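Take a look at the structures listed below.
Shared between the two complexes below is chain A, which pairs with chain B and chain C, respectively.
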Partner chain A sequence: MSVTDDPVALNQWIACAYVGQVTPGKSYDTAMLGQAIRISCALDGTCTCHEIGDDGGPGRQLPLSQRFEILFTTLGDTPRQLPDIPEFAEADRRVANCASVGLHASPFRIVENFLDMAHFCFVHKDILGSMEKTEVFTYKTEHRKDVDEIWATDCAFFQPAASTSAAEKGGGQVTYYKYRVMSPFSVMLYKTVYGNAERDDAICLFIQPKSETECIAYMPMAILDDQSTMTQIIDFQQTIFLQDRIILENQRPVLLPLTPSAEIPTKADVSSIAFRRWLKGMGMRFGILQEQAA
Partner chain B sequence: MQNSHPDRWVPVGLEAQFMPASSHPVVVDGFGLAVWRGENGAIQVWEDRCPHRGMRLSFGFVEGNSLTCLYHGWNYRQNGQCSSIPAHPDLDPPGTICTKSFVTRCHRGTVFANLAPEPVSGFPSVDEAGWMPVRSVYLNVPEKRVREYILAGQGTLGPGFTQTEFDNYESGPDAGDRTAIAIQPIDDNHCAIHVTRSGRDTDIYASLKLARRLVRARREIEAF
Partner chain C sequence: MALKLYNYTLSGSCYKVRLLLDFLDLDYERIPVDFFPGKEHKTLDFLDINPLGQIPVLEDGPMRLRDAQAILAHLANSYDETGHWLPRAPALFGPVMMWLMFAGNEIMAASAARLHDVLGYELDIEAARANAHAAFRVLDDHLTERALIGKTWIVSDHPTIADIACFPYTALSGDGGIGHEEYPAMRNWMRAFRRLPGFNAVSGIPEFA
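Entry: the complex of A and B
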């Protein structure tokens, strides 16, 4: 495996571990964009990150940034900054560090699955969607040029059990979503809180592409829920993600095709259309299917 | 995507293996296929990829005579046409939304498909009755090695196999018993053999005996 030469992919802050993953006094080897890296944790808890050299020893040191319960690093010299997410600092929220899940899939298939609502009734049957109400109503998508992010708003979907608290109380409701793609490998959503119309839960997905076809997904969240235990919150999130993993590992081609004729979108897919156009516009090559010239 | 498959009939499995209302993944020459069967018994061989977002159709579920993709529930009729898209219940899906399908035929208890864009290679117009399934064996060798083993006639399967149409093999008749072996190339290092037999002895034990010999043959082939 060799590191990518795609400057668009290299100049991103990418998750490489979750807070608490590396035990003080130990180190953890992983990979990012084809580059082997090592995160080492000193006995006092401070972590450092290095490329792993060809001899197996430490190579170039990489910067580490701790945000949203995640450690981020970058291989680039001018990485795109990730935005603030104020919800993580709000005192009355539960901040859940849902650890990580590995999967064999392209990072962009993972982002598109996160943005997609049309699969709720099938992949997350009786939790995030039911067979009685499968329609995806028209929603808005935009490329917010000032921050260079893709947003989808006015998203609504009827859900039998949209969260741990909703599941317990047995109430189905229409859940309102806003989706926000913050970088090619980072996406988050805001969703209505059960019983609270004013504020939203914030659920993030940070993707570490080890290679073009193998990733680690981190899903930290900052939610309003004073009823559930942390175990219940994490179990709910992991159940949802493991249901998605079955799909993500079985999409073909593995790399994301950008030619419009390769896959057929419908109106429910406008967020993925915007995402693909955005990737094409920024010149992303990593993780993208390169079509042979005719 | 270019279709550069050769014009030849390849076996994808034993007819008895494909239960009604089921869907199966099969790989031929590195290419993924979804082989599924409606409740009416008709077998379809499609590219293993939903045209929506590429989810493998072999994971789909069959109800009645249609196949539903596991990801977004797009439903496809036996002719490959999409009949419903649950995200848009009032939409009549346009005819352009369809799966890539390949011609398929059954012969001597084995299901064959031809993946060429314009298959002209002939296929017997009449199937033969009386062929019983024995078993399929999956091997970690290229198909060439299996062919060499069969033609060498040295191992537990014995001599007496001749090449038939579609580059398959049959032996016999030997006391009225015939064995047909069809070879499926999976990729450069893997293949499968699908074996059926016909004969006066319709007792399942005769087929089980042959099935056990095939498992022994696999060990011999992989060491050949």
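Entry: the complex of A and C
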């Protein structure tokens, strides 16, 4: 495994551990973009990050930034800024650090799966979707140039048990979604709070690409739920994600093709088309299926 | 409720117990344990419940049991009037116990591989996968012999707790990078298992084997 030379991928802040993952006084070895790194936390809880050299010793020191219950680092000199997600600072929200899950898949396939509402009724049958109501309502996708993010708005979908609190009360509902691709390796959604149409739960997915085909996914949430225990909330989120994981690990080709004709789009794929166009526009090479020369 | 299960949804060992509780149509209370990332099963409070720091734990009235295999045997012994899940006939009882132990020992290598790949546990992944493949070879060979005499299940003419104990970590092995390609008899057996009345899937069980 060698580090990528793609400047677009290098100049991103990338999740490398969740808060509480590294025991004070210990260190944790992982990788990003093909580069081995070590996160060391002192007894007082302050953490540092280094590249691991070929000799196994510490190399270049890397910056660390803590946001949304996650530690981020970057290999680049001019990284794209971390997103602003104000919901995490709202006093009445519960912030759930749902830890992380490893998976053998391309980071961009993981983003696309997160954006794809059509899979709810098959992959998350009886939870996030129902075989009787599989229709994805038309929605809008836009590239917000001021923040350089991809947004999909006005998404609506019938869900039998959209969240922990909905599942407990046994209530199906039409859930409204907004999706927001915040960087090539991070995406989030806003979704109707069960029983409160005014505000949205904020659910994030930050992806650490260890290599082009091996990732760690972090799923912090800032939600409005005064009923469920944290254990129930985390359990729900992990159950959903492991349903996705088996699908993601079996997708072929593993790397993401950017050629328009490579995969036939459906209505639900509008956001994924926008995502691929955006990746192409920024010149992303890492994790992208290279076209065969004719 | 008389029955209480200390449970983590994604644990294959807890899943064994939930499967039998569902097959027997028993009411029970689930007490969620924050296994990951909370490591609640290693906390002092939980060590009071199980000094081994493992899930599942079942409470049945005043009795408290650990070990998925022991819990399966207890539930079948106490609540299965048909006697099918834990046959007492001498020709069947010993083999059921043997495969039950196999599920609690050799097959657990597949659980280790899954913990490594999904939750990032640090362990020797190559050894775990090799040991799981060795265990699957033994199970697949046995199921092939059974199929040759027209039998579907590991021991009896009916599914037993040996089938339940062996199912979760074989079915979930793909999560740990262990495929089912080389085990056709095991695939047939898993397909039959999924069709049992009362069967509920868990995340990571392939729908089409």
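Just so we're on the same page, the second predicted complex is superposed on the first by the 294 of 294 C-alpha atoms of A that agree within 3 Å, B and C clash if a C-alpha of one lies under 4 Å from a C-alpha of the other, contacts with A are read in each partner's own complex, and residues count from 1 in each chain.
What we mean here is this: contacts are C-beta pairs under 8 Å (C-beta built on N, C-alpha and C of every residue); 3 or more make two chains touch, one makes a residue touch a chain.
Source: prediction; values computed, not measured.
Once the two complexes are overlaid through chain A, chain B and chain C fit side by side, free of any clash as defined at the top of the document.
Applying the stated contact rule after C-alpha superposition, one finds that A:His104 touches chain C and leaves chain B untouched. Of the two partner chains placed by superposition, A:Lys178 touches none, neither chain B nor chain C. In the superposed model, the angle subtended at the C-alpha centre of chain A by the C-alpha centres of chain B and chain C comes to 50 degrees, rounded to the nearest 10. When the two complexes are overlaid on their common chain A, residue A:Arg276 makes contact with neither chain B nor chain C. Applying the stated contact rule after C-alpha superposition, one finds that A:Gly20 touches chain C and leaves chain B untouched. In the superposition on chain A, no contact is made by A:Arg93 with either chain B or chain C. Between chain B and chain C, the shortest distance over C-alpha atoms in the superposed arrangement works out to 5 Å.
Overlap of the chain B and chain C interfaces on chain A: residues 246.
Contacts from chain A toward chain B in the complex involve residues 112, 116-119, 121-123, 134-136, 246-247, 250-253, 257, 262-269, 272, 292.
The residues of chain C lying in touch with chain A in their complex are 8-10, 32-34, 36-38, 40, 117-120, 174-175, 177, 203-204, 206. Across the complex, chain B meets chain A through its residues 1-2, 32, 48-49, 51-56, 59, 70-73, 85-89, 91, 96-97.
Those residues of chain A whose C-beta lies close enough to touch chain C in the complex are 18, 20-21, 97-104, 216, 229-232, 234-235, 238-243, 245-246, 249.
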